[in-house]
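Down below are the structures I want you to see.
Two complexes, one shared chain (subunit A), two partners (subunit B, subunit C).
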Partner chain A sequence: MKKIMDSPDSKSEFKLGRKLKTGARAVVTLTSFLGPALSVMGIVILYPIVEGARLSLFSYKLTRPSDVGFSWFDNYNYMISDAVFWEAMQNTFVFTGCVVGISCLVGLIMALLLQRPLIIFKFLRGIVLIPWVIPGIVIGYLFLYMFDFEIGIINNMLVQSGLIRKALPWLADRELAMVAIIIAHVWNQTPFFLLMFTAGLMSIPEEALEAAYLEGSSSWQEFRYVVFAYLKKIMVIATLLMVIRNFNNFPVIYAMTGGGPSFSTTTAVIYIYRVAFERFDIGYASAIGTIWVLILLTLSIIYTRFLKDEF
Partner chain B sequence: MVHRKISVAASLLIAAILTIFIIWTFFPIYWMFSTSIKFALEVFNISPELFPKNPTLEHYYALDKGSIKVSVFLKNSIITGLGTVILAMFLALFAGYALSRFRFRMKKFISLGILTTQMFPLVVLLIPLYLLYKRLNLLNSYIGLILSFTSFTLPFSIWMLKGFIDSIPIELEESAIIDGCSKLQILFHIVTPLIVPGLVATMVFAFLDAWNNLLFPLMLVTRPSMKTLPPGMVLAFAGEFKHNWGGMMATSVIVSLPVVVVFVTMQKYLVQGLTAGAVKG
Partner chain C sequence: MKSINKFLLLMIMTVLLVGNAWGAGEKEGASSGPVVLDFVNWATAEEQTRIRVEGLIAKFEAENPGIKINSITSGFSDILNQLTVMQNAGDAPDIAQAAGVNVSALYMMGALEPVDKLFSQELQDDFFDSMYDLLVYDGKHYGVPWGGASFGFQYNRDLMIQAGLDPNNPPKTFVEFQNAVRKARKALPESVVIMGLDTSMRVFGFEHNYPFLLAADADPFLQKPLRFDTPAIKAYLEWLREAARGNYTLANKKLGEFRPIAAQGRLLFMFDQQHIKGTVKSLNPALTDEEFNRLWGVVTMPANAAGIQQTTSADHQLVVFKDSPHKKEAAKFVEFLVNSDYAIEKYIKVMGMTPTKSGIKRFPEYLTDPILSGFINDVIPSVVPVPYGQDFSELALIFMSGVQDAMTGNKSIDEITSDMQAKVERIR
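Right after this comes the complex of A and B.
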């Protein structure tokens, strides 16, 4: 390098050369660092979404492989008049609304009750999270077993305690089946909200609570104007995240009811699955899938907007 | 924190609520375990016993017998899980480093785009992915499963490692550049040793993601001998075995056990990861 420095001409040449070289090299480095991850995600996630949107414009039934053809928006037209599609939409909203609403409320109450600095509470806060990490398929089979008509522990306990006279056909009844899958998901998701709210409560500065206390505010006022103000953002983020998650939820419902009886617990994703793998109507399943991706895309854009200030 | 005095009645009420909540949370887990060690006859008792009278491991032994062996699913789950861990960790380490340290156009768009992909429903991807895998001969293969598991665990792994790398002071790397280290050397000799806890947590998450995945192996694997545990359960407890509750609960214990053990031992990191994104970890 010293040699080059000696002559002014070669020095400027060197500078230019170096700049070009680093520019090209930077691109190569960037590509080799980011490229592999992006290509795997491109193949497994992005390509199927684009291909799904294309297939949604085709009449494509696996039962009639010779009859595949471009059909414009026929699948979408059919969707609008398909009563089961609207039933699945309604189920998705009822299911998600109930699960997220109840889990959020119970999680909040339990986080508030468990926030006292007792060692036993700290321990409890840790282990009550276990339902959240149990795999979905296990939750599904576990509640399938507990809700069983004949030997299920839930019917047994309800009858023994005199709350009901006769065993209830939980998973065979249209309304009760929905209640049962909501209960299973609330069991699974309450710990998540508990975790989020506990983290939120810990971020409240003590001075804020002390000030409220010294000013003589009631417990309710303290909660409403101090605690809630700090928890609001976490609540919005956690709720959005769980709405997205439940909009995509598959294994628990699949194992418990498979979407039945008839279509009473069929949510959007279960319906997509049933159309594709029970009716083998690839075109129509792709059309519902494409609409569902658009809905989720909107939700996740809202979600990342909320997160933006965090990063 | 300020603690208001509460009356005896109020504390009794709180204790009652807590007790109910604890029973509600742990009873199903207890019930899964206790059913798995009950004799089949006892399981089918119309009024079930709360405690198993003669504990037995017969359901666990049976998992390795018969035409559908759960032990085969277990092996497949472990192989694909470990494969996912290795692949996801490498890809995420490079991508996370790039997103943390490099400056380039569209960086924000790519970062948020990666985050968005994990919100997409798996079901929607299945049909095109099935057709693609069929063309590429990836159906019924470990590679195919590992690729699909990896893609879904990547967004989270990348964000998590990016967060850990962000927290390392950049001065360390600057002095390495002056010493003439390449980017690769910096990544492996300076950055990686500093984020070992983050790497371990990311690897655990990747493993659990693969371990829990039902839909991909349900559709992308048609040969029973290649199925992982979740779709294996669907296969093993269908039809005539629908009411083999003892076997079903024993399998459930096996599927849940690694997850719960990991969770209890690595709670700190896991909680950090779970809240990452929603609460600054």
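Right after this comes the complex of A and C.
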């Protein structure tokens, strides 16, 4: 028996067996750890995306249950000539561009102003973070009343200060409504940028700033060539993250304007909601949703690439 | 290895425990315990009605120990979405509160049970025809009225006097109404809102405008194929543009947003439902019943050129779902809600809504209260159905987007109606 075990063939078989055993054990371990999470993700993330893409190829109106059927790319053809869809896309890009751009700029300025090591600034930094933690729906109603034509504090302040003579119909005017929802979102999202930039500022090595000082650089040069250089990548990542978030923004806009007046503040996600739950056109809503997933997926890939390069 | 075994064992036990608990829960509801009825409603979402409806449920459960009511709250504007999702997820409730377009949409989804065989003929004969017949599709009734809520024409007598209008002679035709609005705007201070018309981009917004569209002979559903660019519709949109630019009303507002203004005595004309008195009084507790009755008058909507006065209704209704396994018990609860003395006294009457015909006889206040009797004698008889159909929601939203364009934008009315018509023709 011992001889058999000692033969070269049996040794390699034994090693192979051990390898297989170790491999099988690793598979069991990986499956038991990753399996539940992957199953849940598959059910709650992957299945809706696949099902949405499948439904987008169907003519599927809930109020016409007898007319449900495969319709190839009809929904996508309809989308190309749907003026409201393009208006919603335009609104989404304008809204997101303005909110992210302004929030980023204001966040950067505030981070620079509040970086001094004084207690009061630390306290202020805590205070200005509050808007970030307020739920979207609360922000929506808060600003709905603040911008109210009759009782809103914004009109009251503007009239009192003499900046305007008559109250403005903020939420009933096509252009002003967009301005109002942008202001509400900037208020909400500036703290996020402030947080990111503050973290970035804290990570700048003292030596780099000292070197710039010894080189006799001006404040602007110090900011441009040292501070900004360190913040640039954080800025790109934070901006991309907020672009994705704002592309999906729903509660504040829906609470404030419902996408109106007419379709002037209707963004892509609000349009998807309206098509699905007011027109009950599930097939068309799925088609818009599928396109939207592709756009967001592209942005997510860019985002992860940046993360990979950075860290 | 031991730790992995422990982990796997823990997972298996968790799955078994959860599965067991789930199964046990299902069994309880299905066989041995009381019948549980899922009741989706917005009444428990609103503070002023929540306690009352919870009281009704408690009373019914006390009288029927074998039935439990699981009240599922949803906001008024969201209830159709909630029901659509539940129905399509295979989790339809037993009963739901509905209004306006909800019943037709759910009927078209194939979600509802006809109620003709669920209730006695006596009860069905007890409903006002103009309310019960709003629920007929393909010759069958798909719901019952819980409380009449038709749109009436309310006028503030004090403001009419201030505006130089006769408080005993409110406008009877659409033209008289337009002239009264123009005259009042000139006479009344800017803080007074002349008319409370819902111009929000909702199906309800269209339903609220529909009596005025009928009065202006501008019914967009009149012609087949549909035309949203008729001269009458253009004239109606011109009128709304004048109303927004001339500050007769506040654009993009919901009906409910005019109620606080009415409660402050700053609204001249409003077009609200039977429960207006209860709602306004809840917003202004200092307002007594007597003062409200003195201040506000109620008639039906202004007449069209042919002298016909018509209005619509967004009655609160109750529907039973086709997939309900407990239709008999559901019908029992519905009958309790619509016609028991307790429900009429504690909810329907308090809310100012109209009950069954026999309910009105059992509670004579309905005929002595000037607001309620105004609705019963003048408004309800003039109710006509809204032409709900398969594409109604889409068409209503196209129309309301045109209304908002007219009121808040600068595009010409011709351009707006052309856009509307193009959208109508694109409906598949």
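Note that in this section the second predicted complex is superposed on the first by the 289 of 311 C-alpha atoms of A that agree within 3 Å, B and C clash if a C-alpha of one lies under 4 Å from a C-alpha of the other, contacts with A are read in each partner's own complex, and residues count from 1 in each chain.
Here is the rule we go by: contacts are C-beta pairs under 8 Å (C-beta built on N, C-alpha and C of every residue); 3 or more make two chains touch, one makes a residue touch a chain.
Keep in mind the model is a prediction, meaning the values are calculated, not measured.
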{"item": "Overlay on subunit A: subunit C relative to subunit B, clash or fit", "value": "clash"}
{"item": "Subunit B versus subunit C as contact partner of A:Glu215, first or second or both or neither", "value": "neither"}
{"item": "Touching partner for A:Leu171 - first (subunit B), second (subunit C), both, neither", "value": "second"}
{"item": "Touching partner for A:Ser262 - first (subunit B), second (subunit C), both, neither", "value": "second"}
{"item": "Partner chain(s) touched by A:Tyr254 [first = subunit B, second = subunit C, both, neither]", "value": "first"}
{"item": "Which superposed partner A:Pro36 touches (first subunit B, second subunit C, both, neither)", "value": "both"}
{"item": "Superposition-derived comparison: subunit B or subunit C, residues of subunit A touched", "value": "B"}
{"item": "Partner chain in contact with A:Pro131 - subunit B first, subunit C second, else both or neither", "value": "first"}
{"item": "Partner chain in contact with A:Glu207 - subunit B first, subunit C second, else both or neither", "value": "neither"}
{"item": "Which of subunit B and subunit C A:Tyr78 touches, first, second, both or neither", "value": "second"}
{"item": "From 167-175, 221-229 or 257-265, the subunit B stretch with C-alpha clashes against subunit C", "value": "221-229"}
{"item": "Common interface positions of subunit A, toward subunit B and toward subunit C", "value": "29, 32-33, 36, 150, 277"}
{"item": "Interface residues, subunit C side, partner subunit A - complex", "value": "1, 4, 7-8, 11, 80-81, 84, 88, 105, 108-110, 200-203, 244, 250-253, 261, 390-391, 393-394, 397, 401-402, 404-405, 407-409, 419, 423, 426, 428"}
{"item": "Subunit B residues touching subunit A - in the complex, by the definition given at the top", "value": "1-4, 14, 17-18, 21-22, 24-26, 28-29, 31-32, 35, 43-48, 87, 90-92, 94-95, 97-99, 102, 104, 110, 112, 114-117, 119-129, 131-132, 147-148, 150-152, 154-155, 158, 183, 208, 211-212, 214-215, 219, 229-230, 233-234, 237, 245, 248-249, 252, 255-256, 259-260, 263-264, 267, 270-271, 274-275, 277-280"}
{"item": "For the subunit A and subunit B complex, residues of the former touching the latter", "value": "26, 29-30, 32-34, 36-38, 40-41, 43-49, 51-52, 55, 106, 109-110, 113-117, 124, 126-138, 141-143, 145-146, 148, 150-151, 153, 156, 160, 187, 190-192, 195-196, 199-200, 203, 206, 209-210, 213, 219, 234, 237-238, 241, 244, 247-248, 250-251, 254-255, 268-269, 272-273, 276-277, 282, 285-286, 289-290, 292-293, 296-297, 299-301, 303-304, 307, 310"}
{"item": "Footprint of subunit C on subunit A - complex, ascending", "value": "25, 28-29, 32-33, 36, 59, 61-65, 74, 78, 81-84, 149-150, 169, 171-174, 257-264, 274, 277-281"}
